[in-house]
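As written, the chains take the letters A, B, C, D, E and F, and residue 1 is the first residue of each chain.
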Amino acid sequence: MLKEPFTLKLSGHLFDNDNLLPSYVNLIHEFWKNGYKMVVVTGGGSLARRYIELGRRMNANEAMLDLLGISVSRLNAQLLAAALSDIAYITIPTNLDEVFRAWLTGKLVITGGFQPGQSTATVALLVSEFLGIKKMIDCANVDAVYTSDPRIDPNAKRLSKVSIAELKDMLKSKTVAGTYDLLDPWALGIAQRSGITIFVVGCNKPETLRRLMINGISEGTIITP
Amino acid sequence: MLKEPFTLKLSGHLFDNDNLLPSYVNLIHEFWKNGYKMVVVTGGGSLARRYIELGRRMNANEAMLDLLGISVSRLNAQLLAAALSDIAYITIPTNLDEVFRAWLTGKLVITGGFQPGQSTATVALLVSEFLGIKKMIDCANVDAVYTSDPRIDPNAKRLSKVSIAELKDMLKSKTVAGTYDLLDPWALGIAQRSGITIFVVGCNKPETLRRLMINGISEGTIITP
Amino acid sequence: MLKEPFTLKLSGHLFDNDNLLPSYVNLIHEFWKNGYKMVVVTGGGSLARRYIELGRRMNANEAMLDLLGISVSRLNAQLLAAALSDIAYITIPTNLDEVFRAWLTGKLVITGGFQPGQSTATVALLVSEFLGIKKMIDCANVDAVYTSDPRIDPNAKRLSKVSIAELKDMLKSKTVAGTYDLLDPWALGIAQRSGITIFVVGCNKPETLRRLMINGISEGTIITP
Amino acid sequence: MLKEPFTLKLSGHLFDNDNLLPSYVNLIHEFWKNGYKMVVVTGGGSLARRYIELGRRMNANEAMLDLLGISVSRLNAQLLAAALSDIAYITIPTNLDEVFRAWLTGKLVITGGFQPGQSTATVALLVSEFLGIKKMIDCANVDAVYTSDPRIDPNAKRLSKVSIAELKDMLKSKTVAGTYDLLDPWALGIAQRSGITIFVVGCNKPETLRRLMINGISEGTIITP
Amino acid sequence: MLKEPFTLKLSGHLFDNDNLLPSYVNLIHEFWKNGYKMVVVTGGGSLARRYIELGRRMNANEAMLDLLGISVSRLNAQLLAAALSDIAYITIPTNLDEVFRAWLTGKLVITGGFQPGQSTATVALLVSEFLGIKKMIDCANVDAVYTSDPRIDPNAKRLSKVSIAELKDMLKSKTVAGTYDLLDPWALGIAQRSGITIFVVGCNKPETLRRLMINGISEGTIITP
Amino acid sequence: MLKEPFTLKLSGHLFDNDNLLPSYVNLIHEFWKNGYKMVVVTGGGSLARRYIELGRRMNANEAMLDLLGISVSRLNAQLLAAALSDIAYITIPTNLDEVFRAWLTGKLVITGGFQPGQSTATVALLVSEFLGIKKMIDCANVDAVYTSDPRIDPNAKRLSKVSIAELKDMLKSKTVAGTYDLLDPWALGIAQRSGITIFVVGCNKPETLRRLMINGISEGTIITP
């Protein structure tokens, strides 16, 4: 994989695991020092779910619950920035304008969510589009896209490559279990209109990310625009 | 229709018509003076299309083209604010936070688009959700939602009432011509999760809006959450 | 206690306890509806400690660790705002200027930390001073100020009333165990120079806060300027 | 003309002409790639006049009308930025501080108007002064400064060079038709006190601008401080 | 004089006089409590001149020197706000947008300069225009407008009333000594186009201001639009 | 002394002396051109005291008085920036975030105070910590730290080196006259936790600063973390 800029979406699940997180931090640091340019987008994980559940029990409305998820994703972004403060832009951007300004400083930009009603995957694709970045790596809670839920369906087929158009059709017919959480139609629409390739990889093994970045070997799913 | 707060989405087409616009301005002024509380969201219309086309000819990318549409919608919002400066918040908000702050001043808030990849209808629903508003009036370029494109299909049926769930199904089967432009799945998702009723009315006759607001008589389509 | 405005500092420990938090939320809501005017300042609690520890393990510096604590306190503030969105200022202020602007809207203002090197107790006193508020209630992780650590020293004396000057002397001679965490010299200095009375109460029993606010009965410690 | 930084004021009329605009965009791109450093300031043109007229018909006051002109000039700036997104600062600055910050990024800065009561020519000179730029090129709707209106007076003399002091005298005696629109006394005062030379050239022929920038050949008027 | 809103420009000279300033502060406080609505704009005075002279000796350019004058005028505004903190908006606005937002809070707004190349008299008129205020009181370093400099010309005539058009003519023929400092052509242009009446009074006797505000008796010059 | 980045705190007294200031400006310019990287923090001096006294006479509260001191320190920062505009970041940052952004531009950053209740020495240490700077030079109104006040006590001992721990003990026993003004416990706490060495030198002789910076020769006091 060439050293062109990319966007790296990190699943919030990474932040639930105190041992896994440092490995990814080291990997990002190593890549950056080797000249890779990237924007990192962090998810909220189980902490986001806890705060959202707490908010829901106290009758917070949907917009407020989304704000809680965004706040947690920003907290995670701040943790990454703290651990990478020699290379990172410390202040976490909260919209595309701020990402753009941070990007121009040449620092590693780390961001969380932007606004209610929007997944962090969508944020990663909006950022890619805005900065003219053509590759987005989705370090997800699953290791690939499947034709159906592998935990239920023994015939579920793992996809090593799929086009956005095919994926949209599969989403419509609801046969791709769990993919809705991974990439919503809006996120896919952004990728499609701006020709962004999405690499889905699991977030449990840093080596998977390393092999993708260094050798261009995908062990998950490539979603082509 | 009770005097509870609502969000009023004005099609950009209104701003192409120098005679129609003042009627709507007067209507908004009259309603405001009569105690109606509302947030107005303006579209871009044909001027947005002209700038987008110009940008496309000069090879601007999709995010930049969306920024042009947003800029035009804000220009239209500024025009409304200029004409209503005795009751309006003069500075055009550019995100939910700013809308919230403007709303707290008790002034009439007028806004345009927020960010790339997002329709002004979605903006209107996000604003409604954020402020706890339960009714959104969509003054659209069409006079109602149809089962198919009435300009093509003589059997097209005009819908006076439809649920979001039904509408989403129709969108999936692609039988509702032109509705995609009116309300995308994301916008509908926001309305659904937050229980917002959408009133689609045409933007060619101010009287249609007046009857809806004063007597609660819908001459277009009511989309129920 | 008269209905003059006050600042309410909530220990981060409240946010570790899913059952206790809603009681305090209800109490704040009830007080607000009864005409009490207040600013709420939230701490970080055990979640802040977890993120700070994680950051420290990844070699983040002291300023960055403080930023993590601030981020968690803001997340907690956002949770409160979500649960109180009918009366609260939704956007969490991040400095005195923003607190001032939020305060002028007449909404319940909720804030977390401001900047590195500064406790949230100091934030609560700076906010009090800036807005001309003369009473600060510190809902703390301890139920009162003691002359020494009651968990260690059987002769520890519980103070029902103490002046700031006396407390500063005690802090110097290091005989007041744990009080440093409660109120640092800088926080006390602000209270002293601006004549702010601090009411320390435990954060485990909402009734303690209720009795203080309604009847002016202090069950903890009153620190007089 | 040496490759020292300059400010380029583009008449709003350029944006009325879909064929002329791309030529100027290409020219700016080419110059930038060849190492010329510049700030571009865009006017509002006939679109600004249309919105101002619309606003006036709806009784908007003078400050609001100026805001409409500013909004259009920013829309034009956004269009330029969209077409030049590989070299431009995407977010349009709205005051001197923001121009300064954008300038420090090394990107091509494009701006429109700043505040009511101020022409975009004045903006261009304030920007020049603030950044220490000593040359301002005014791509205007006229091809030069004349002693009187050439469309009316057959004896009108075209000036190839004039000092600001002389021009101010001519403005006072009202003999320079149309120049008021070109450069108001305030704009001239800024140029004078900071020693900025103004090159007036017509905006109908890109080649005129090219010859000025490459060979330093002025085909319009040089206004010396 | 009716209790309609007005803008009060205070000469920077007031801030050079430690005894005079408190009288004006008391007067403003008294008027505000009696229901007068106003925006106060402060000048820089001799402190501004000292800093500008210091800057000039260290070779600062004109824009930077103006920034120094603006900083001093804001310091003076902050002093007024400090002395009037029970009624004033504490944060000093730095542009029209911020003045507008501060104005909506119902607090007394106090501001200094805005940007280089602009007098605080111009600021006062821009603010008036933006907020729809029709009266501006200029508490100046002179007690009225004269036909020539009374310190030099024994035939200098004191004007009790003059139109903006007449004043502009007098400025052109340079017969009104010192008036340039008082009101530049740009400031007069704003007043003229928006129909703002300017009351020039001396800033040495608070009683002059009191009589003007309470009884509408002008002891200086009324400049009519 | 190696050319590692440092923070330079300039006593406000420098700005009371029109002859001394230019020497320091020249020194900073010379150092910068020779590759020294620094952030300058300016104090308020006697002008701050004058405005604070004026405010106090008009009954301003403590927070407002601190805001006046901060405003003066920013005015002084603006003066420095004006005199150093070829190398300086012109806009004066008002918090750590803004300092960080300014620092990333590679320009000389100059700042004054941040918020009430905080000395500019504390600001200098917070900035150092945030940017990872390990040396802070305090150009103070005294030439060194003494064991007691040398103006009173003939046995006062001048300290050429002292640890923060020792200094804190001395502050507690109140034997170090005037040092409280120099470095408060909070400032020392920041230096201690982040390992920042403080060099106290007098601000009356630029040569003292020069020798420290070029040869690493301290003629004042070195405070070690």
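Convention: contacts are C-beta pairs under 8 Å (C-beta built on N, C-alpha and C of every residue); 3 or more make two chains touch, one makes a residue touch a chain.
As the structure is a computational prediction, the values presented were derived from the model and not from experiment.
Enquirer: Chains in contact with chain A and with chain C: which ones?
Expert: The common neighbours are B, F.
Enquirer: Most remote chain relative to chain D, going by C-alpha centroids?
Expert: The most distant chain relative to chain D turns out to be C.
Enquirer: Identify the chain pair with more contacting C-beta pairs: B-D or D-E.
Expert: B-D
Enquirer: Is it true that over half of the residue numbers where chain C touches chain E are used by both copies, so same, or is it different?
Expert: Counting shared over all numbers used gives less than one half: different.
Enquirer: How far is the middle of chain E from the middle of chain F, if each middle is the mean of its Cα atoms, in Å?
Expert: 36
Enquirer: On a C-alpha centroid basis, what's the spacing between chain B and chain F, in Å?
Expert: 55
Enquirer: Can you compute the centre-to-centre distance for chain A and chain B, using the mean CA position of each chain? Integer Å is fine.
Expert: Chain centroid spacing, chain A to chain B, equals 31 Å.
Enquirer: Measure off the straight-line distance from the CA centroid of chain B to the CA centroid of chain C, and report it in whole Å.
Expert: 44
Enquirer: Where in chain E do residues touch two or more other chains at once?
Expert: Each of 61, 85, 90, 101, 105, 130, 132 in chain E touches at least two other chains.
Enquirer: Think of each chain as a node with edges to the chains it touches; is that a line, ring, star, complete or other?
Expert: Contact pattern: none of line, ring, star or complete.
Enquirer: So which chains actually touch one another? I want all the pairs, not just one.
Expert: Once each pair is checked, the touching ones are A-B, A-C, A-D, A-F, B-C, B-D, B-E, C-E, C-F, D-E, D-F, E-F.
Enquirer: What residues of chain C sit close enough to touch chain F in their complex?
Expert: 61-63, 95-96, 114-117, 122, 126, 129-130, 132, 172, 184-186, 189-190, 193-194
Enquirer: Which of the residues in chain E end up touching chain C in this complex?
Expert: 85-86, 89-91, 101, 105, 107
Enquirer: Which of the residues in chain E end up touching chain B in this complex?
Expert: 97, 100-101, 104-105, 130, 132
Enquirer: Where on chain C does chain A make contact in their complex?
Expert: Against chain A, chain C makes touches at 18, 21-22, 25, 47, 51, 54-55, 57-61, 64-65, 67-68, 71-72, 74-75, 78-79, 81-83, 85, 90.
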